[in-house]
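Common to both upcoming complexes is chain A, partnered first by chain B, then by chain C.
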Partner chain A sequence: MRRALNQYAQVSPYLAVGFALTIAFVLYPMVKGMYISFFHYNVIKPDTSEAAGFGNFGRVFGDPMIGTALRNSILLALVTVPGQWIVGVMLALLIQVKTVRLKVVWRLVYYIPVISSWIVVSYLFRFLFADGHEGFINYLLVDMLHLIGEPIGWLQNTWSANLVIWLVSIWKGVGWVMVLYLAALQSIPQSLYEAAEIDGAKPATTFLQITLPLVRPLTAYVLINLINGAIQAFIQVYAITQGGPMDTTQLLNTYLYKQAFQYFDFGYASAISVCLGVFIFALTYTQQRSIGRDRIEY
Partner chain B sequence: MKNLKTTLIHLLLVAGIAVVVGPFVYMILTSLTTDNYSLPSPHKLMTDTKSLDNFAQAWGKNHFQLYFMNSLLVTGATMLFSLALSSCMAYAFARFPFPGKELLFRLFVFTLFVPAIINIIPQFTILKALHLVDRFPGLILLYVGSGLVGSTFFLRGFFERIPRELEESIVIDGGGRFTIFRSIYIPLSLPALGTLAIFSFQGTWDEFVVALTVMKSEAHRTLPVALQLFRGQYVSFYGLFFAASIIALIPTIIVFLVFQKQFVQANLSDGSIKN
Partner chain C sequence: MGFVNRATKGITLAALAAAMLTACGSNGNGNNEASPSPADSASVSPSASAEATASASASPSEAPSDQPQVTVEFWHAYGEGEEKVLLEQVVPKFEEANPSIKIHATRMPTENLDQQVLTAAAGGTPPDVMRMDNTWVSNMAKQGALQEISGYPDAQDILDNSFKGTVDTNLYQGKYYGVPLDTNTRVAIYNKELLTKAGASEPPKTIDELVALARNLKTQGKYSGITIGGTNVWDFSAWFWTLGGKYTDDAYTKATGYLNGDASVKALDTIYGWYKEGLLAPPILGGQPGTWEGLRGDKGKAASYMMITDGPWFYSLIGDADTKDKMIPALIPAGPDGMSHSVIGGEDLVIFNGAKQPEAAWKFVQFMTSTEIQLLLAKQTGQIPTNKEAAQSPELEDVWYLKSYIDQLENAYARTPSANANKINDAIGTAFESVFRGKAGAKEALDKAAAQVDKLLGE
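Right, the complex of A and B next:
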């Protein structure tokens, strides 16, 4: 007991401030969010909020929009996480090839989308995929390449609009994955590859049997971040489609933001958020334990 | 055969670059054309005379310079505080034994998976209680506080890889824990800290939703919010918007170039290899 107190006393100078801030701005808000979800919350006069019991949660399961938003959120993760990872790793492997020149230049250029601002990039894609011949993509497909006869109303249809959202998400994240894998690949001892070559291993086999297992902790870190990015995705939808057409491209995030800050229905928005949190927790529970182990190997 | 392969790879990389850079070329061309009452057609972009008018206008109008300075202040302060605090926390988690450490860390990591967007409401009420709504210290505190977990998670791994034997020389010289932290862990983790600095700068410079929600008055806006509002203010918004966006990108690019060197040797590599 005394030893424990002593240990806390020693560590607290390093931990106290950061811990306090994390409680104030992360942990407390999470708990408070759960609390709010049981009320018809009144933001202006919180004291007058009426208890809602499980009413908000009942609405979550009865709201057809939730189904659409959940579908879009899951699809966004299913498309953009592997999309970014595969393209990023492939780029890293290509640039890594010994005979490739100007490695620094490739890396720098492919990283530009990563350092650009989300809001700017989202608007940029919104204009690129604009309707009619004014949109650059339509111009490219119709007037220059003659691939299609009529311009597409990209943002007017659910699936083409979703496609634009996925594209911008992948486009922006690929460079990040590439940079991390490039660094990791460079530190794998060349001798391992030489040995594989002597044994007559194919490049694909070498990649699966040597490279991937060696960078496993990095892969865990990258995937966590990509999944996290997909869960937190917001601006691309907010800026490109505003959830339209007819709310069919809403993500859970944009939908609950709309509930909270357009309709001021914070109780309902919090209930959606809590459900989402529980869902993610259940989904990642098994992985969380292995993440804990992997971190130590870093 | 070998030559062919190399040429193919280079061709692939160039094609990829067209996809990456193409949208930016479009953006730059748009920012250089004027009188864009509707979205300029690609034909117009190619043939129109180019001018820097939009840049001059964007920089001079709409309190752009004020918003630029606001963003610089908020981002700089956030970056400094979060680097300082998260390296302390990472050191605590990496090198101090205390009961409940792993449980606490697991709890921290879990918060990374919970959608942050809804936290805004309670975060807002906390700032309100502290009388910090619509004030820069409030926004900075909020940014620092909500980003600490991720940075700590990132740094802890690096600190744990630094051999403990290095600490001995300091201990022999009678140095305490803080001396060890300052003169061994910090200097040896500079690449990681540089990488984190880039991430932190980018994330904060870019941040939109929180700034939109917390900062009410016009004079306190940050750039992303101001950029988005450009839309409503001018008829010929397209060129202006992109000119303003390009100006807004410059600081991130500068920060990236400054810390590039650290980023290059980066470093996740050392530890990402299992022995």
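Right, the complex of A and C next:
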């Protein structure tokens, strides 16, 4: 008992630092954000802010733009989570194949997007998919391959613009999935595969019956992270479309940013962020309960 | 354990968003009481001058001891050429006339500038004086970032000497929070070669003539006769107004009956008709090439737009060599009632709450709005003076392209001045865009926007 207390005394300064930082940068802003959401908040003269009651929250549920933003956020998750996962797993399997050479090079190539800056990658896609003949993709499709007659206004239409955003999100994330699965694949005992081969299992069956079940904890981890990432997405839309055309590619995050920093409507923006926080909490909490239990022993 | 982390991470999103907000908010708390208004800033200066006398007595210079050396922080977003004029001519002149004041001019990036200004003001580190886009002033005043100027010496004189349209941009709840510095408007700019190709020797005087020319040009290949830079109010208003459209009543209190009135619907339908007929250039919906590239040709591609609308910076940035006798400025062609309208832009000078040297900053404001400096800036940079005397000076005739702009200003309107100007302009722009994207009819789109604008004007 005494030793334990002693130990606590020794580490308490370190704990205190972490604790203080959490309070300053996580808890305080969180509480303050909730507080702001009940006001027509004035950032420069906070004491002149008028109380709004639940008015800001009422607006969240009455604002048709929230519907659009929520739709886009959910679609982004629905498209990019399976997209990143499937492509990432396929890449991992391909690199794992015995006949593939230069494994390190491939790993590096696919991992580069992950370590690149979001803003750089977003601008890259914005220029790739620029309108008219200036855009590289249009140039490729129209002038080089002659697949289509007229250049496509990629960023001028809701769904083509969303497609670009999905593509960049998938492209940037596959490397991360790939690296995690490469590591997991190496930890599966080779003997299992040998046994399967002797039993005459085809590669697809081996993958579905042996590989996938054995990496299930990783899959749960990866999926939760990808879903979180998708719902927290911001920079790709902010940098590529600014929510346009006509705000039809706004995500919840970009929309609340617009309310706060373009319209200076901090109360409403905070109300949206509180709702979003609750939404994400509910989502991750149920995920945690449903797929967080299993442990695998070889 | 890992999943607990996940869950907390989930909430941190909300926290992160909130962190951005609170970073601004909490710092603002202590700041606002301290902000000196012009009246009580006098109480600050004795101590400042005491300090200065102490240092002055130590130095052998002959500077008068009651004139402390102060530095005024000035933010602006002048372009490169304009900044050069400011730093090499304007500021030295001011410092020569006011040896006790130094101007520290900082050129700010235009992107997200309003956020930076707000953050600075909330954080207690605003500049003393700023050249600010005139559509921001009433909102910044509403946020409490700016000082009301009536207490400063000769404030009313500066306002009286300026054009009313530009003065009004400084209004918030009946009080002025800045003074106009420069103004601009947009006129039609024609590519002479394409104008000739369309069969005209000089710019069209009426919209009907313009449309006829555009049709001529269209038969000759992939050319566009009319370019409207987008569906936002800055690009679209000149055409909407000239064709008879209106946003609100004259007092800016009501949009219903104006924005969705018959004349407005007809104006929007007319322009949409041009679009369907293929007379409008791609920039109306953000297409390429851009307005300047289309008008002048770009990277070996020939020019394809006969006309664009833009401000005087088109000429000052490109330079005479490539514009004189090639790119002809002219009034926006007159609409059905014989009138030509355009949109007023420009910048105001404002003094911040929390300015450290408000009185020295005001001296700089007086200097910048003086006839001499307004003329100098106009001649060197093509910025149109807001000072009436300067604007009417014969010296301005030296700048060959300015005449059309000054003529156009007579019938140019401000975009709805309001603390909600941002949202109002977005609502109107979205209504226009929805028509061009085929999502709504003109009447339907404008009805919806009018209801939104009514609400925003009432707030």
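One rule holds in what follows: the second predicted complex is superposed on the first by the 274 of 298 C-alpha atoms of A that agree within 3 Å, B and C clash if a C-alpha of one lies under 4 Å from a C-alpha of the other, contacts with A are read in each partner's own complex, and residues count from 1 in each chain.
Everything that follows uses one rule, which is that a contact is a pair of C-beta atoms (placed from the backbone, for glycine too) under 8 Å apart; a residue touches a chain by one contact, two chains touch by 3 or more.
The structure displayed is predicted, hence computed values, not measured ones.
When the two complexes are overlaid on their common chain A, residue A:Val26 makes contact with chain B and with chain C alike. By the touch criterion defined above, A:Ile152 reaches neither chain B nor chain C. Contacts of A:Tyr123 after superposition on the shared chain: chain B is touched, whereas chain C is not. In the superposition on chain A, contact is made by A:Phe281 with both chain B and chain C. Once chain A of one complex is fitted onto chain A of the other, the partner contacts of A:Met246 are limited to chain C, with no touch recorded for chain B.
Touch criterion not met for A:Leu163: it reaches neither chain B nor chain C. By the document's definition of touching, both partners, chain B and chain C, reach A:Ser273. When the shared chain is aligned, no partner comes close enough to touch A:Leu75: not chain B, not chain C. Looking at the shared chain after the overlay, A:Asp47 reaches chain C, while chain B stays out of its contact range.
Between chain B and chain C, B contacts the larger number of chain A residues. Across the two superposed structures, the residue set of chain A contacted by chain B and also by chain C is 25-30, 32-33, 36, 43, 46, 130, 133-134, 221, 224, 228, 231-232, 253, 256, 260-261, 266, 269-270, 273, 276-277, 280-281, 284, 288, 292. Within the complex formed with chain A, the chain B residues making contact are 2, 5-6, 9-10, 12-13, 16-17, 19-21, 23-24, 26-27, 30, 38-43, 85-86, 88-89, 91-92, 96-99, 102, 105-123, 125-126, 141-142, 144-146, 148-149, 152-153, 156-158, 160-161, 177-178, 181, 198, 202, 205-206, 208-209, 213, 224, 227-228, 238, 241-242, 245, 248-249, 252-253, 256, 260, 263-274. Within the complex, the chain A residues that touch chain B are 4, 7-8, 10-11, 13-15, 17-19, 21-22, 24-30, 32-33, 36, 43, 46, 91, 94-95, 97, 99-101, 104, 106, 108-121, 123-125, 127-128, 130, 133-136, 139-140, 143, 171, 175, 179-180, 183-184, 186-188, 213-218, 221, 224, 227-228, 231-232, 234-235, 238-239, 252-253, 256-257, 260-261, 266, 269-270, 272-273, 276-277, 280-281, 284, 288, 291-292, 295-298. Interface residues of chain C, counted against chain A in their complex, comprise 2-3, 6-26, 28-29, 32, 112, 114-115, 118, 121-122, 139, 143-145, 282, 285-289, 353, 422-423, 430, 433-434, 437, 439. Chain A meets chain C in the complex at residues 25-30, 32-34, 36, 41-48, 130-134, 151, 153, 155-156, 221, 224-225, 228, 231-232, 244-247, 253, 256, 260-264, 266, 269-270, 273-274, 276-278, 280-281, 283-285, 287-288, 292.
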